[in-house]
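Just so it is clear, A, B, C and D label the chains in written order, and each chain counts residues from 1 on its own.
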Amino acid sequence: MSQTTAPTPQSPPASGSPVRSPQSIDLSVDLAPHNPRELVLRNPVLAASGTFGYGVEYAGLIDIQALGAIVSKGVTRRQRRGAPMPRIAETPAGMLNAIGLQNPGIRAVLDKYPPIWSRWDVPVIVNLAGDTVGEFAEMAAMLDEATGVAGIELNVSCPNVAAGGMFFGCDPGLAAEVTAAVRAATTLPVIVKLTPNVTDIVTIARAVADAGADALSLINTLLGMAIDVRRRRPVLGNLTGGLSGPAVKPVAVRMVYQVAAAVDVPIIGLGGIASLNDALEFFLAGASAVQVGTATFAD
Amino acid sequence: MSQTTAPTPQSPPASGSPVRSPQSIDLSVDLAPHNPRELVLRNPVLAASGTFGYGVEYAGLIDIQALGAIVSKGVTRRQRRGAPMPRIAETPAGMLNAIGLQNPGIRAVLDKYPPIWSRWDVPVIVNLAGDTVGEFAEMAAMLDEATGVAGIELNVSCPNVAAGGMFFGCDPGLAAEVTAAVRAATTLPVIVKLTPNVTDIVTIARAVADAGADALSLINTLLGMAIDVRRRRPVLGNLTGGLSGPAVKPVAVRMVYQVAAAVDVPIIGLGGIASLNDALEFFLAGASAVQVGTATFAD
Amino acid sequence: MPQQFTARFLDAEEALPANAIVRLAAPAAVAAVVTPGQFVMLGGGQGLDPLLLRPYGIMRATRATHAGAEGVLELLVFTGGRGAGWLAHAREGDTFPVVGPLGTGYELGERVRRVLLIAVGHGIGALVALAEAALARDIAVTMLVGAPTAAALLPLTYLPEDAEVIVATSDGSRGHHGSVTDLLDGYLDWADAICAYAPEPVYVALREALHRYRGARTLPPVQVAMERSMACGVGVCLGCVVETTAGLKTVCRDGPVFPLDRLVLA
Amino acid sequence: MPQQFTARFLDAEEALPANAIVRLAAPAAVAAVVTPGQFVMLGGGQGLDPLLLRPYGIMRATRATHAGAEGVLELLVFTGGRGAGWLAHAREGDTFPVVGPLGTGYELGERVRRVLLIAVGHGIGALVALAEAALARDIAVTMLVGAPTAAALLPLTYLPEDAEVIVATSDGSRGHHGSVTDLLDGYLDWADAICAYAPEPVYVALREALHRYRGARTLPPVQVAMERSMACGVGVCLGCVVETTAGLKTVCRDGPVFPLDRLVLA
């Protein structure tokens, strides 16, 4: 042990203290404490958007009911083909992805999954991505009464087509605008998922919280690139992609720490969580819950 | 081999083509082509600031003359004690540091090292960090006539004390102002080292190039944090620190790629380079030279 | 149904330069359900780099010999890369995280009597499994095996004795001097199923050969295995899609084996 | 002068739970110049994580026995962590990147005749080296060895036979029930040099014991080893500094061994 840490004395088992089985500890958390529809999870560990499909794909492989919640793959107003191949590249302790929001569109998602989701104990949060503020609001309204939908997460790491391609999540005004529009369109709990590719995450977090977000989740992926040296061109068909996995954890922890000190709404931390220890880092940084993304692929 | 790549046919050795020994290939590069004092390196691999001291420390351990150039530890106007301990933390495929610019101040550096540097074949570039535009300019003027100093690298990832602590490198106007002031204070080649903690690296790169930078180097470290779960507090004495090492490479490659397409000055790429293959990624992204930092510690 | 399990390393045999046949102990329930063409995702670098599991085709799945025993999975693994280099240095008892069996493998219909297999590269692994399954059903098997050079060929001792094996090398150092697809013509009249595991240009050539066919028979159905870099291996990340006549499909879940006529190849 | 080299793993011996004595072959020129208290930076995870080399004190450096032969370095290594867990599983012939010998070790002046060594934790490694060097110079050696419990003590068979060894355990399961610093008093009059390698609170207690000393002798000089997380190990990154009466000093280059009276301890 490095001597910079004083040794922690091993405390003897306190005789007489009740032995609590893990099950008896209440880990539940309400991620929308100011919303009458609330968003109560039995435990604070969620599956992150884009890494868990619509929940059904992993249903046979792992016990999805043990999760606090599932966040769906990003859904758009209309069907999307997504980005050209290749779409993923491994990087040191991380990966790049440019899936390009391939999805069947919100109508198809609403036709297919709510009946399944509403039979599950585990709440499902639908992740939305839009080209315009209006699209976000329209989709939020469509979800408002859907059965089996416990909340909405807004992916604002996408360009605003109506505003010259500026990313919603990179500008406090745009981010607030889309949050307010969605807030007005639904009474469902609304989580706004922040992008880390900004100079000042705190200003954006404040703007979004003030605009009515019930909770914030952070971080989405860092914009990155890998080049195939043999073929002398970018690995990804989309040229750039989003960096995720353990590599980004220090950036994510820092942002959660900064934002937690600045806003009053619950924070869902994510970015590189691959172990209980990693999750605890986020809780200590100020998160009320965590999401696990890339690490789902790595164990 | 994954079938997404068509197999590269093994070309038979072209009989009759001259066998070139590696030594006979000219790898030299001028990093200040528009500056009469030029900055010609025999090869395009530099030691990055803060990871090679003042060059003298590694002199016995490795052949420093084989480097293209050495960038000194960051130097400030006056002596600095640096940040509280602990100052480093390992992270997945990377590390955090918060050294806090511990250095003896420019006068002491100028007294001690130029006589040594001027005896070396390998050029030395002095990395500067200032609290104000004036400090940067003053130090640049002090270096202008120093022997053994081949160029200046400006670390603009530090707060402008005169402007409420906004980082020089996070604002195009401030970044341009400090570049112009240094440009006016010295005829030495001036490299401006960009911080990646910004929404829009291209705008800042353009501003700095227009303000007279001879070259750009990028990236400095990503702002990050690690928390010691056992002690329930940040690992670093400074709370946050700079993330470096292979983990950040995809972000660095992306930024070099974006900036190379936008400016005409040479770009020095760095961030996570740990192998020849990594360096080639940066060259393919548009860099004219590369720096190696953290990986110096890892082999 | 795939399972997540910890596989115990049994042994590895250098079958080719930089390619080893690795044997792993696996739960009986896994080994019992593998179909040829399916794969596993295998991990196990120490630390967090490399991070992702790698897909490897299953060369042979041996069922447990008695109740309570484990099954065995054999993989033909390229050991020169970052992902599985360590497998060649593993020791008996070392364990690795595995998910599998995954994906949709080859299917040989009830009435198939003669199958033509076309293998180039590590695809030979999956086709050994298929050849053995076919022979066990008394289906006649011919394998066209291609490689750049004789040295890059899996030694024939690893192939089932009862299969007819015809070799092609790009440099002519063994068998036919050229591509496996040069050898097709004689077999299009013979086979009533064709299954291939090869780089995509081979599939394009195969498709062209089928188009050129002027014989009398209905052409046999062709199944080919596709490869894409993978992250999840189970169909959630949409990282591994290929274009088909029915839209984008995942290689890891809808594939890796697809009917050739459904694929939109470059 | 430190060297960068590739060390060949020879063997490892579980000396304690989660602690192994690891023997590495090293260049003769390295083994010949090690002084007790110096360390090496040792790496070798596969892949890029963990990334950094780790510092390990050198427990014993054995010179090459004949020209052309290699030397041997012995390290006492905690094998429960991320950095060196794999060392316990290494095989003969495995190689690891090493830089060393590094830092400034203990110095026993010409006139030292009786040295008191104080070891708690893995510091026992460096002090075994120092004890052997002292005994070779006919210096009398007494070692105060502390640990939480008897089970966490390095077996005494690893300590030089000719040293007097006195044990203290926090739980009293062996030797003195308490801290090594409880045992100092008798030795302050005896020793003419004190060298310690222990957690910092032990140094604070040691300093207090020296302050309390009311005996007749000039107190012996005390040298202690400090530890800090390290990145470079050679004094360039300034990641490992400690406060001294002469300003900040690096543990890796100026230390790890410092005169106790120059350190500003918390």
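One rule holds in what follows: a residue touches a chain if its C-beta (ideal position, glycine included) is under 8 Å from a C-beta of that chain, and two chains touch if they have at least 3 such contacts.
Just so it is clear, the model here is predicted, and its values are computed rather than measured.
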The chains touching both chain A and chain C are B, D
Could you see whether B-D or B-C has the larger number of C-beta contact pairs? B-D
Roughly how many whole angstrom separate the Cα centroids of chain A and chain B? 33
So, in whole Å, the Cα centroid of chain B is separated from that of chain D by 36
Taking each chain's centre as the mean position of its Cα atoms, how many Å separate chain C from chain D? 54
Between chain B and chain C, what distance separates the C-alpha centroids? Give it in angstrom. 47
For chain B, write out the residues touching at least two other chains, lowest number first. 4, 85-86, 92-94, 245-246, 274
Touching two or more other chains, which residues of chain D qualify? 47-50, 228-229
Looking only at which chains touch which, which shape fits best: line, ring, star, complete or other? complete
Which residues, counting only chain C, touch chain D once they are in their complex? 45-50, 82, 85-86, 91
What does chain C use to touch chain A in their complex? 1-4, 43, 47-53, 97, 99, 228-242, 248, 253
Sites on chain A touched by chain D in the complex: 1-4, 6-7, 10, 92-93, 246
Show which residues of chain A lie in contact with chain C when the two form their complex. 50-53, 57-58, 60-62, 73, 81-82, 85-90, 92-95, 97, 99, 102, 245-246, 274, 294, 296-299
Interface with chain B, chain C side, in the complex: residues 47-49, 78, 121, 148, 170, 198-201, 226-229
